[in-house]
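Residue numbering begins at 1 within each chain, and the chains themselves are lettered A, B, C, D, E, F, G and H in the order written.
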Amino acid sequence: MTQPPVAVIMGSDSDLPVMQKALDTLADFGVEYSVDVMSAHRTPAVVSAFADGARGNGRKVVIAGAGGAAHLAGVVAANTTLPVIGVPVDSSPLGGVDALYATVQMPPGVPVATVGVNAAQNAALLAVQILAVGDEQLAAKLAQFKQKQAIKVQKKNEALHEKLEGKAR
Amino acid sequence: MTQPPVAVIMGSDSDLPVMQKALDTLADFGVEYSVDVMSAHRTPAVVSAFADGARGNGRKVVIAGAGGAAHLAGVVAANTTLPVIGVPVDSSPLGGVDALYATVQMPPGVPVATVGVNAAQNAALLAVQILAVGDEQLAAKLAQFKQKQAIKVQKKNEALHEKLEGKAR
Amino acid sequence: MTQPPVAVIMGSDSDLPVMQKALDTLADFGVEYSVDVMSAHRTPAVVSAFADGARGNGRKVVIAGAGGAAHLAGVVAANTTLPVIGVPVDSSPLGGVDALYATVQMPPGVPVATVGVNAAQNAALLAVQILAVGDEQLAAKLAQFKQKQAIKVQKKNEALHEKLEGKAR
Amino acid sequence: MTQPPVAVIMGSDSDLPVMQKALDTLADFGVEYSVDVMSAHRTPAVVSAFADGARGNGRKVVIAGAGGAAHLAGVVAANTTLPVIGVPVDSSPLGGVDALYATVQMPPGVPVATVGVNAAQNAALLAVQILAVGDEQLAAKLAQFKQKQAIKVQKKNEALHEKLEGKAR
Amino acid sequence: MTQPPVAVIMGSDSDLPVMQKALDTLADFGVEYSVDVMSAHRTPAVVSAFADGARGNGRKVVIAGAGGAAHLAGVVAANTTLPVIGVPVDSSPLGGVDALYATVQMPPGVPVATVGVNAAQNAALLAVQILAVGDEQLAAKLAQFKQKQAIKVQKKNEALHEKLEGKAR
Amino acid sequence: MTQPPVAVIMGSDSDLPVMQKALDTLADFGVEYSVDVMSAHRTPAVVSAFADGARGNGRKVVIAGAGGAAHLAGVVAANTTLPVIGVPVDSSPLGGVDALYATVQMPPGVPVATVGVNAAQNAALLAVQILAVGDEQLAAKLAQFKQKQAIKVQKKNEALHEKLEGKAR
Amino acid sequence: MTQPPVAVIMGSDSDLPVMQKALDTLADFGVEYSVDVMSAHRTPAVVSAFADGARGNGRKVVIAGAGGAAHLAGVVAANTTLPVIGVPVDSSPLGGVDALYATVQMPPGVPVATVGVNAAQNAALLAVQILAVGDEQLAAKLAQFKQKQAIKVQKKNEALHEKLEGKAR
Amino acid sequence: MTQPPVAVIMGSDSDLPVMQKALDTLADFGVEYSVDVMSAHRTPAVVSAFADGARGNGRKVVIAGAGGAAHLAGVVAANTTLPVIGVPVDSSPLGGVDALYATVQMPPGVPVATVGVNAAQNAALLAVQILAVGDEQLAAKLAQFKQKQAIKVQKKNEALHEKLEGKAR
């Protein structure tokens, strides 16, 4: 059976509040996804099996969120040739720099596409962009999203003007 | 006229020694690419025009390398819905942390797929992985690359054993 | 039509609480300003158009506040020869270091006059100082401000003495 | 007697190799400048006297370069209402982060316009931009500089293409 | 008139909650002190005059607390040959690292005796230790303090044992 | 067949110059060890198999050295209950901080005993200390090592005295 | 009289909330331990005496937690050949990086097995792993713990699925 | 027998190139000193004995230089009530930040007067300043040193002017 094209995994269920934004964004684009808690350190066999089988199961992209010595994205990348997107999660007193370094500084030969600390929405958008390379409809949705985004900024600008003028009166 | 699927751009020709590894890797995979020096700060119109037209010109992925307050990848990402891969280049006394933060910490809505500091080879591999989502032949090459990589490590291990035994005798 | 000499822009309306201090300070000095939300990443065309036209529209100085991979000031600086003042805004788990590096570490040829993290008041004062280079009245106001500032510190010193003596009794 | 509009000062003559780029750039723009070694810590009276008299002596902008606990720009800013541009110099094992923080993180009321670590050329350009606010000729030179800069990048791009094609043949 | 041997100064009255521990500790040792708010950046003349006259006025040690680009201790050290103790105050989004670097990384020839971030109590103890070099009675008080401190730790240890045993029952 | 009690592994043969000190120290203590290059990212199956079988094969301690996003020690720790000692190797422009964070900041439940950046000798000593918990002879050797170490420092002190006196004459 | 095999010490009773997790984990494994507050800086003689006598008193492993310039683990390691596990405690505005560096960067010859910032549970597990090198029963308990841990993650995964499906309906 | 008032100690003879500047400066001021290599980690008993006896042996100030997890100054401070000056030495891949944090972030009650990374000359000057609190002759020498220092900067300024004018001709 073919599985959803995007797999969202996280090292702990405590990462869900951060990763939820990825799920919402994928849903907004109508991209099917699965969600799983699996840990590179506590369930390594689950992670290996997941990664080994990912391409064969119809996966296209993996999004992996983890904090601290965040190895999840790297371990998945070690076991698949699919693009792996890493979300460093801020979950220690070091403010997410530990997770960022542990996710982005991968050795030659095994890339992880890293987004900003806690930037799960961007991870989802990157996944959509990757899928859209071969999917014109999705590409069109991304173009619409970009336009809406620009309009939203412009509306915020107008709201700001109204607010400041209101003060000035 | 359709342009190569991968565009490699860099903020300065002084980034070429780092970015060369991306070019070599793309060539190894038989993926066509273009290379250009263009600067988010010194030729912003060139960068905007490039990014605006990228999808229409047949581009699939952009790889952007820059150092310092590295804005190149971000500015491209602002003007296209293609996946943009950022390579933070170590080119200031701050050791590349400035380029890393300026590349990876993008705002919600505009992702840059960031690889490690100076990790141009990984940027190329990530581009290949993205293209391989819709290209079985390329996916097969990636699988071969992964195998060769593993074999290379094992050969290095054997060489190490010979070397250390040689010493021991 | 000539626009106000100082343009205050910010990447997101969530930057307003920080940037408000710039607006208040400009108002205190009787310097006219405009305020706009525009995003280097979400409305790049708006930012380019703004920057391209700034000098022609009568602008003298631009103040740009942004957080994370803060590109706003740099993108404006890429498109104008006016002095651009950058305010790194603390808006991510990295405590504003990301915004500081992304604002200050500009490449040769394209300076951004960077102030401290969240230091919007100083950005406004710097703008006033720049305008005062050719405006004796404004220079006089700055001298008064400096004196008042010194007096304020001395009054705080006196208040401290009273408070501590009060305790001692 | 009126002194040159731009004063370039540095905390130690060991900063000259870094600061020389500021001098060269000012000369390129035909902007007159003075150069002095003066230390916030070793000749504080010289620095205070310089700063106190700067505006009265016809100064328009001060550029101050210093390393370590770089106080020079801040001490000048404390004693003048002219715009003060700070160049953090990389001169300790901490890689210039110490000088950057000590220059940029000024308290409310006393701004220093900070450029990147060792970025003396940008300090000079910023000084020219400030002078150009009231000097159309200088503004025109800046516009020319910006164009030449863009052309230089495009020439480097062409040189890169020739070089890479040369290899390919 | 001779002034108290220890001068405690701070850059802003907002530093008082941190610096209060210095005052309390000096009082505990029966060491006379003065307290003043003076700013290296907002009242530089006050600071210079204070530092210039400090030795002549009978001062023995200066304790200076400041945050951000903390120049206060350094500026005092530039103007006196008395020992100057610097307290970096955590007062910006950078967590006190800015104040630490700006206080400790002084250039050759002008030392500041730096204590930890917010460590005002230690600044006071260091001042007492310096005075005690020539004051046997004060040295004896320091020895007692050290003993009491050790006893306090041992009592905390006993309290911990009781608490944990209480739980165990 | 029982394998040596200490397994030294490293992510790349380029780590050997750093890790050699571990090998030499183990040899000095007469502790048998094996050495292997295996990569958490390039030969993940080799690493998993090694770790899974380690205890059964008679291993007592694992020493793992790696740089960048150093996952090797963590991946081994995920697959064994033996004590795993991690050596962060300085192999990127970030100066080893990336490897340190990626090694030490392990999640609850999966410890890695981390030593300093490049501190392979200490990793070996820690392994010997662990083995010595149940081996009185090895404990005696450690005591001797500690004594010799102290004597070496004292001899260096004497040599320093001779050298400085030599200068003084 | 023989003392418990694991000694848990901490520099201040304010470290107890962090270190409690070590106590709980040791209790869960049925490993006997002692707990003491002792300070490398305030009760150095107590620490030296403790460390000197530790092996002779039947100790096997020491766990030491401390914050700031965390010297406790290092001072113990200087005075014993037992394995010493260091827990850097986040107790200053620097977010635990100070404690991490002061614990892990030990000089050649004197290792401290360092765990993550505040990672007291992992310190306890490491102690159990060290004891288990010569204790098959304890090794079996560790294997069970690892299994339970994996099951816990899988249960969290199931709970996540239920929760998300619940939302979906 | 009374020992010299200033004791200079260092953790390793490899610190001598850095610490030599302290010796030279003390000699310049005619202040007697001793020099010793002693290690908080390798010869802890030597360090404790030294510190315990320091005041009784006529010591007035201790200067301690060490790198990495630099505990030397802190361990001395734990065992004496004399002022202890710490010199963080840059001796690891972390650029001296490790030594700085491990020296300056001492707990309440046990101060170390910390100078900049490798700033041994400043440590000596601070020692002289402390001795000069009760020694008018030494205070006069410090005043002369400060004057000479200022003159040296002014001579460097003149030399710079000559050099730049020479170029200009």
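As a working rule, a residue touches a chain if its C-beta (ideal position, glycine included) is under 8 Å from a C-beta of that chain, and two chains touch if they have at least 3 such contacts.
What you are looking at is a predicted structure, and each value in this text was computed from that prediction instead of being measured.
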Shared interface partners, meaning chains that touch subunit E and subunit H: D, G
Repeat of interface A-C, chosen from E-H, F-H or G-H - more than half of residue-number contact pairs shared: F-H
Where subunit B and subunit D are represented by their mean Cα positions, the distance between them in whole Å: 34
Rounded Å distance, subunit A centre to subunit E centre (Cα mean): 48
Residues of subunit D touching at least two other chains: 12, 39, 42, 45, 68-69, 92, 94-95, 97, 104-106, 109-110, 112, 116-117, 146, 149
Pairs of chains satisfying the touch condition: A-B, A-C, A-F, A-G, B-C, B-D, B-F, C-D, C-E, D-E, D-H, E-G, E-H, F-G, F-H, G-H
Interface residues, subunit H side, partner subunit F - complex: 12-13, 16, 23, 35-39, 42-43, 45-46, 68-69, 92-95
Touch list for subunit C against partner subunit B, complex: 11-12, 39-42, 44-45, 48, 67-69, 71, 74-75, 77-79, 92, 94, 97-99, 101-107, 109-110, 112
Residues on subunit A engaged by subunit B in the complex (per definition of touch): 55, 60-61, 81-83, 85, 100, 104-106, 108-117, 119, 121-123, 125-126, 129-134, 139, 142-143, 145-146, 149
List of subunit E residues in touch with subunit G within their complex: 90, 95-97, 116-118, 146, 149-150, 152-154, 156-157, 159-161, 164
